[in-house]
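I'd like to ask some things about the structure below.
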Amino acid sequence: MRRWLPFPLLSVSLLAVWLLLNQSVAVGEVLLGCVLALAGPRLMLAPPEPAGRRRRLRRAAAAVRLFFAVLTDIIRSNGAVAAIILGLPHRRQTAGFLDIPLDLRHRYGLATLACIITSTPGTLWVAYDPVRGILTLHILDLVDEKAWIDTIKGRYERRLLEIFE
Amino acid sequence: MELILSLGIGVLAGSGVWLLLRPRTFQVIIGLTLLSYAVNLFIVAMGRLRIGMPPILAASQAGDPAHYADPLPQALVLTAIVISFATTALFLVVLLASRGFTGTDHVDGKERER
Amino acid sequence: MTSAIQHLLIVPILLPLAAGAVLLFIDERGRGLKAAINVGSTVALVVVAFALLTLAGNRTGVYRLGGWPAPFGIVLVVDRLAAVMLVLTSLLALASVVFSLARWHRAGRHFHSMFLFLLMGLNGAFLTGDLFNLFVFFEVLLAASYGLALHGSGVTRVKAGLHYIAVNLAGSLLFLIGVSLIYGVTGTLNMADLATRIPQLSTDNRMLLETGTAILGIALLLKAGIWPLSFWLPTTYSAAASPVAALFSIMTKVGIYLVLRLWLLLFGAGSGASAHFGGNWLLLGGMATIAFGVIGVLSSRRLGWLAAYCVLVSTGTVLAAIAIGGIGVTGSALFYLVSSTLALGAFFMLIELVERGRTRQVDAIAVARETIDGAEEHDMSEPEEIGITIPATMAVLGMAFLGCALLLAGLPPLSGFIAKFSLLAALLDLGAPGGAGPVATSSWAFLALVIVSGLATLIAMTRAGIRVFWRSSGRVVPRVRVIEMAPVAALLCACVVLTIEAGPVMSYMRAASRSVYQPQNYVRSVLAAPAEHEPANGSGS
Amino acid sequence: MPHQIALIAIVALPFAGGCAAALFRSNGRNAEAWLGGAVAVAAFALTASCYPAVASGGAIRYELPWLPALGLNFVLRMDGFAWLFAMLITGIGGLVVLYARYYMSPSDPVPRFFAFLLAFMGAMLGLVLSGNLIQLVFFWELTSVFSFLLIGYWHQNAGAREGARMALTITVAGGLCLFAGILILGHIVGSYDLDIVLASGDSIRSSPLYLPTLILILLGALTKSAQFPFHFWLPNAMTAPTPVSAYLHSATLVKAGVFLLVRLWPVLGGTHYWLWLVGLPGLITFVLGAWFAIFQQDLKRLLAYSTITHLGLITLLIGLDAPLALVAAIFHIVNHATFKASLFMGTGIVEHESGTRDIRRLGGLWSMIPVSATLAMVAAAAMAGVPLLNGFLSKEMFFAETIEAHSGSFVDVALPYVATLASIFSVTYSVHYIRGTFFGRRTGDLPRIPHEPPRWMRFPVEFLVLVCLVVGIIPALTVGPFLNSAARAVLGAATPTYSLAVWHGLTQPLLMSAIALAGGALLYLGLRRYLSSGVEGAPLFRRIKGRRIFDSVMSTLSWRWARLLERLLGTRRLQPQLQLLLCVALIAAAWPLVSHGLQVGGVVSHPFDPAFALLWAVGITCAIGSAWLAKFHRLAALILAGGAGLITCITFVWLSAPDLGLTQLLVEAVTTVLLLLGLRWLPKRIEGADAGARKTTAARARRLRDFLIALVSGAGVSALAYAVMTRPAPESVSRFFVERAYTEGGGTNIVNVILVDFRGFDTLGEITVLGVVALTVFALLRRFRPAQESIGLPPQQRLQNAADDGNAAPQYLLVPAVIMQLLFPFIAIFGVFLFVRGHNLPGGGFAAGIAVAAGLILQYMAGGIREVEARWRIRPLRWIGTGLLLAVAAGMGSWVFSRPFLTSYFSHAELPFVGAVSLASAVVFDLGVFVLVVGATNLILIALAHQSIRVHRVPEQTPAPTADKEG
Amino acid sequence: MNAAASLPPWLALLIAALVLLGAGLALTGALGLLRFKSFYERVHAPTLGATLGTGCILIASMIYFSVLGSRPVVHEILIAVFLTITTPATLMLLVRAALFRDRAERRVATAPDGEDK
Amino acid sequence: MTNVLAGSLAIAQILLALAMTCAIYRMIRGPRAQDRVLGFDALYVDGMLLLLTIGIRTGSTLYFETALVIALLGFIGTVALAKFLMRGEVIE
């Protein structure tokens, strides 16, 4: 199984992408898609990471919850940042750096976190120290550091840990 | 539209020519890049402007030329794009080799004596 | 399109392409195999070229790629003119590749592949009947020539290569602008089709067409090396490895060939108001090129530069002759083209052999003393009046050098003389066939230039030859291998054959010229409906 | 017919002999001499055998088609005149061969000598036997070439080299003029055939081109015959071995000029131009040559000047434009050949025996080599015109002719006196020659003690002197008939009656001869002191040395001025070349517009769109910004050019060219990486470093000029684009593509069908370009040598590596690398998607290939070269080869069905479960494109990237100062 | 645009609103790029266009083509996904490089907020 | 209503083009090299959005892949620039 499907999730994603690209679920497309989905992971430069301990269903549920949380955050932050930009002259200088200690070590987990943070306007992934596990963020509206740390660790990291470890 | 496009082509070409005449190899290569944009657009312009009529047949049958942009210039540009990519790469490597051998990035391999 | 012989037409393009591609699978340790494949392919190309020469003598061959009818698909056309160029290319290539086997093919990677791709580009440019396809083949041959010009690397080559590439990239952009403008006005890319459309153009479209053609012409003339667009040429040719330079001597001829073909096809007598568009400029440019070439030949310190400037003289002569026009003159110009190209090829290779035994410093000083301070001083009382035994190598090299000098200066007994004679005789014959008649002033000027160029070339060659072969005290006899000397000798022998067989060759050239001047046959052949071709495609399910 | 065969043999034998001679061993003197002698004797005998056919004024003709279209046939034609010359050439040739056998040193490598000598003989025979004037020019130039090789035989001597070069330059230059003249002559007559030309005298003389023709032909003849002012090459050619001088510079080469004059006299003569243009140089040469000859101290130079003066005499005779004068000229040609050849050979004996030919060192040799001395004295007497010798007879005829009235000008009056004067000089130098060599006192010891030479070395001299005597005494019985047939061949019916006799009574000419002899002796006495002072050169003219003038003219014209002009008219810098190219292109493009005027069409297809306008405002800003910043802010320029590229892509899409947009975007990405890979090796450029240079007026002018060129170019391209876009489209071949893309090409994406089917051949060429460039890049980078300052690690890396102090994992790349690696399968699948749909929708092999290549490049960026190459074995060369072969194979597949290359097949099949599938053979072709593009793109980028790790192996240099990485 | 006539008016309005909102967000982000004073702040700005701006326009596109083509057109999701995945890679490297330089030049301590030169 | 849609699309395109104008301001002015890259990245995203609006405006899905190319591969250029700024070298 692992020999043929070293990256099961990747293969599923590839199949999905293939079908989306072709906008078709015809048998021919699915067959070709499966072939490509099996072949695609051979193009991974790095070997697969060890699989998480939790059951798949729980991980999927966590992923869905995370997705919606992020979606709402993005929409909210968009508004907030737009307001800052458009109302700029009256704004106080509140932007700043913030160090957050992370428990997450999984590479894909970190990557996902990076995508989330970057995609959320107002937060920016600046650096991550893998030795100490410290994540440095730049935050546009750094009024309450605690709130930000809670958001990152509580809303995102916890669920990512559920998914990846 | 025609006027805007021709102005755009002209500026791209003019900037490209200006850079082509500069003494630094890097300027020349950027100039060639801009010039090839200009020329590619020029070729497309030779097929006249059509908006919203990509030359992809809507149905699996013979098409009516009135409904499609002229496909031939597009095919020519595709060939030209490939070739200009290749030659840009080549020019880059040669300019690097020249820089390596002569120590300068002047197009003549030596600084202009004053 | 059924007989295998029909496919012969595309072999000059496909064979080098396929062979060049196959070579990529052989690594550098298998250089012997690579060389064998290259030589084999080149020999085959010679055979095919001669076969096509014979075929084209009977009728114009047309190859419709993909089976598409003419103005729509790409066609390859072989008429006498194209066939002559193919033969010339293949002969030069064979000589050059054999020469390279002695040492040059080891000087860098992928020599043989690039060599073959250059042949593909050259042959394609000679065969194609489509303007844009011509651009593509021009790029193929230029790309390969970039590679070959840089073959062996080194500071001189790289510096020259940079200029060569920059100038030619600019030229390629002009080419594209010209071709696309022509398309924008006429709606076609096929040369024959273009010839039929031009007479019907309205005046305001004609103006744009002429602009497009002028830009295209500049791109072609740049490659032909017309003054003042020729300064890249001596730098590049003199820096290139000698077998490469030898093969390059055909490259300027591509530009010339195309100028001749397109000019007469598009702006021949039947082209309405645009007839003979640009002819005067071409004549002026050609003569200026001769003059500049002559100046360069005289001012060259090194043999490589001398040879490169000889290329310009040759280019200018042919261009001016084409501009003067007429079936006779053009036919002679073709003869001259063949003769001078073979001679230049031989000369470029010979130079390396000759210069092998000397060092640069000694050489430069010798030139300075001999040519700047006038003649050497000598004392009549103590000449050594016993001849020196010349080593066999030097004797052979000397004879070859003499041959090249005679060829390039246009002196008997080799074909250079016949070529110049036929050119000038045809020129004077032009006034009134078979008798006295007015000859244009420009023709007199051309005649004078050709004569002067011959003398100047001789002076320069003598100077160089004396320096190399006669002032030879303390000189090392170069080690020359048979496979290096044989190609030079073979090319010179080809010139001897040209001399002896001048009659038949010239009548072929005249026929070639006639068919270029009367392109109706070309146009008809190209645009004719394919004999039995019904859309083979769409066989359906 | 036998005569024709004889003719061919006469010309061919010497050439064949020459080729054979070249193959002998280098010390084979005897064999060479036997060969040469045999050839000469055979040719002589053959020539002699032809006499009956030409004796009575007829001619032998042999014609072989050579270049009939241009009136050039190989025609051998022998009449009495040519016969006489052929006899001279072969006869004296044989004697010279014999003489040379003894003259040349045993250690001399003679094969070369004899080969050239025989070849020269052949060329000379070809010249005199030419029945076609172009062929005559052909052999004329050949004689120049071989004379060059013979004069330069002892090329280790600077003098020989210079003499040979001068002779070649002068005679070839003259030959080229002759060539032009003959061409014009042919143009006038309509033929180059000698017989036809000789029959067209009236039309030639009445042609408006007569004068230029005459001048050009005379330039050829007078240079060859060393006439003033082209005479100076001959004395300098005396560095040739003496047999060569005896042959070329007495009997043959120099006679070619007068031969031609005599030949063409019937058609070119008879005008006052002829009288002046031929007679005057002849007269001047006659006098000056004789005067100069007196003051030579080198025996051979003395003889050279004497040859010059005798040739002047002959030329003058020809120039007198009278039949009788012409007979005299022919007669003197023969006489001069005999006595001068013997004199040269005699001089050779002197030199050979004594080791010098300097009159100042010689003297009193009569006592040592009495026989040779006697022979020389007889020959010299003939030269001086002493009665009972042949020289006397022709000179007598000459004197007689000078007295005759010709044009009635002052020349008529002066001529007899001038002729006598020159004859006085002739006597003087003859006396000087004899007395200086064989009598008087020597100033010092001779290099060698002279002895009589070997028997057979002296034989040629003896024979020729005998001829001088016999002809001088009984001319009518010996040379009479031959001279007659020669004269008849030239003059035909106009041949005058003349008498060959020693004694015509006490006539004016005899008086003139007597005055000349006496005056010459007196003059010698008068000049004795001056001559024995050892000064070389004539009093008034000593300063004027032909050689010096020639050298300085040559070096000025052919070197200094050429260098100067080359520098003025050419350039080796790139910028002027590009400027010229652009300016020429602008002029060429504008020319039709100037003559017709630019007319803009009236079609405006679409209304103004503010978004499009804004888009192009961005594009224009990018372009100008890029041009502005490219010098000091390379990175910014690169980014801005990328911006312009993006705008171009969007424009493509806007203008209904999705394929272009797609492909250009992909190429943009790869190009950016490519240029960045290159940027690493370029030198740092800091703004303001050369601010001073930019401020100079010259720099400002340059920039203004470039700006104008750029402005005009841009405006021109703009105008053209606008002019075309606003006029109705012509009926284009595209209709065919649109109508048949699906029905006959099997695809709905017309552009792709064009690329892989209608115009697939373009694509084949295009991928070849890509492949070739990749090979070139690869080959060039194998020898890549970075500049010293670029070798070390970039400053950023040094700082970061120091900061990371030993952190193995590059933490900065941790997350990005994960993303980049993860994307590769997606990019690949996207590539497959683009490839598969390409025939019907935007995409295709090239786009797919670039996408996949870009994905791979991304892996290199993420993982580094070592990691990627440890994971995959990447062999781009194979990919390139495979791609090309696939494309070719796909094209050749149609051959199986007897269809032209690249004929495509497609079918729409209905497969179970899968549904409708279209399969086109063009897909295989497209696959080739895909494979090649992946390979080539990777090869280019990776080869470049490899330079970084290759160079880092070099021990690190001292850190450079940290400069801002801003470009 | 002819086909667009078949759209129900409310859908047309919705699509128009979404497109305008998306474009407006993109412009707002770009304005932020213009107006923010420090580099680190500026990095935040384009995210507006890249996230919600893109999202709005993608949804508009999905609705538009689904309705016109009368079958679900959802491949726009791919753009959103890929854009989300790829943006961080660039921005992280950019910010990292800037921070490193700032630290190296002592322009910032641990919490940099200074102006650029 | 189609006019409203057409008009709003036209306005949206203008807004996006204006956004691109802001982006090139950063590309030209800098002041840091990173600013230029940032502007470039924004330009690409805005360009992608513009392509999508062109698709809607012309009612053609044929332009979709072009936008997808920007989303999937457009970042290669910017990431290479970023890495160049970071390391002075794109591929190590």
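Here the chain labels run A, B, C, D, E and F in written order, and each chain numbers its own residues starting at 1.
The rule we apply is simple: contacts are C-beta pairs under 8 Å (C-beta built on N, C-alpha and C of every residue); 3 or more make two chains touch, one makes a residue touch a chain.
What you see is a predicted model, and the numbers here were worked out from it, not measured in a lab.
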Number of hops, chain D to chain E, where each hop joins two touching chains: 1
Chain whose Cα centroid lies at the greatest distance from that of chain E: D
Whole-Å separation of chain centres (CA-atom averages), chain B against chain C: 29
Centroid spacing, where centroids are CA-atom means, of chain B and chain F in whole angstrom: 20
Centre distance in Å when chain A and chain B are each reduced to the mean of their C-alpha atoms: 39
Junction residues of chain F, two or more chains touched: 13, 16, 18, 20-21, 32, 37, 39, 57-59, 62-63, 68, 72, 74, 79, 83, 85-86
Per-residue multi-chain contacts in chain B, two or more chains: 20, 25, 42, 45-48, 51-52, 54, 56, 72, 76, 79, 83, 86-87, 90, 94-95, 97, 101, 107-108
Residues of chain D touching at least two other chains: 572, 574, 578, 582, 609, 638, 647, 654, 658, 670, 679, 717, 720, 724, 729, 732-734, 737, 740, 743, 759, 762, 766, 769, 773, 776, 780, 783, 796, 800, 812, 815-816, 819-820, 822-823, 826, 830, 841-842, 855
Pairs of chains, among all present, that meet the touch criterion: A-D, A-E, B-C, B-D, B-F, C-D, D-E, D-F, E-F
Contacting residues of chain B [partner chain F, same complex]: 51-52, 54, 56
Complex interface listing, chain E residues touching chain F: 1-5, 7, 9, 12-13, 15-17, 19-20, 22-24, 26-27, 29-31, 33-34, 39, 42-43, 45-46, 49-50, 53-54, 57-58, 60-61, 64-65, 68-69, 73, 75-76, 78-80, 82-83, 86-87, 89-91, 93-98, 100, 116-117
Chain A residues within the chain E interface of the complex: 17, 20-21, 23, 74-75, 78, 81-82, 84-86, 88, 93, 95-97, 99, 111, 114-115, 117-127, 138, 140
Complex contact set, residues of chain B against chain C: 20, 25, 28, 32, 35-36, 39, 42-43, 45-48, 72-73, 76, 79-80, 83, 86-87, 90-91, 94-95, 97-98, 101-102, 107-109
Partner chain B, residues of chain C touching it in the complex: 132, 136, 139, 143, 146, 150, 153-155, 158-159, 161-163, 165-166, 169-170, 172-173, 176-177, 179-181, 183-184, 189
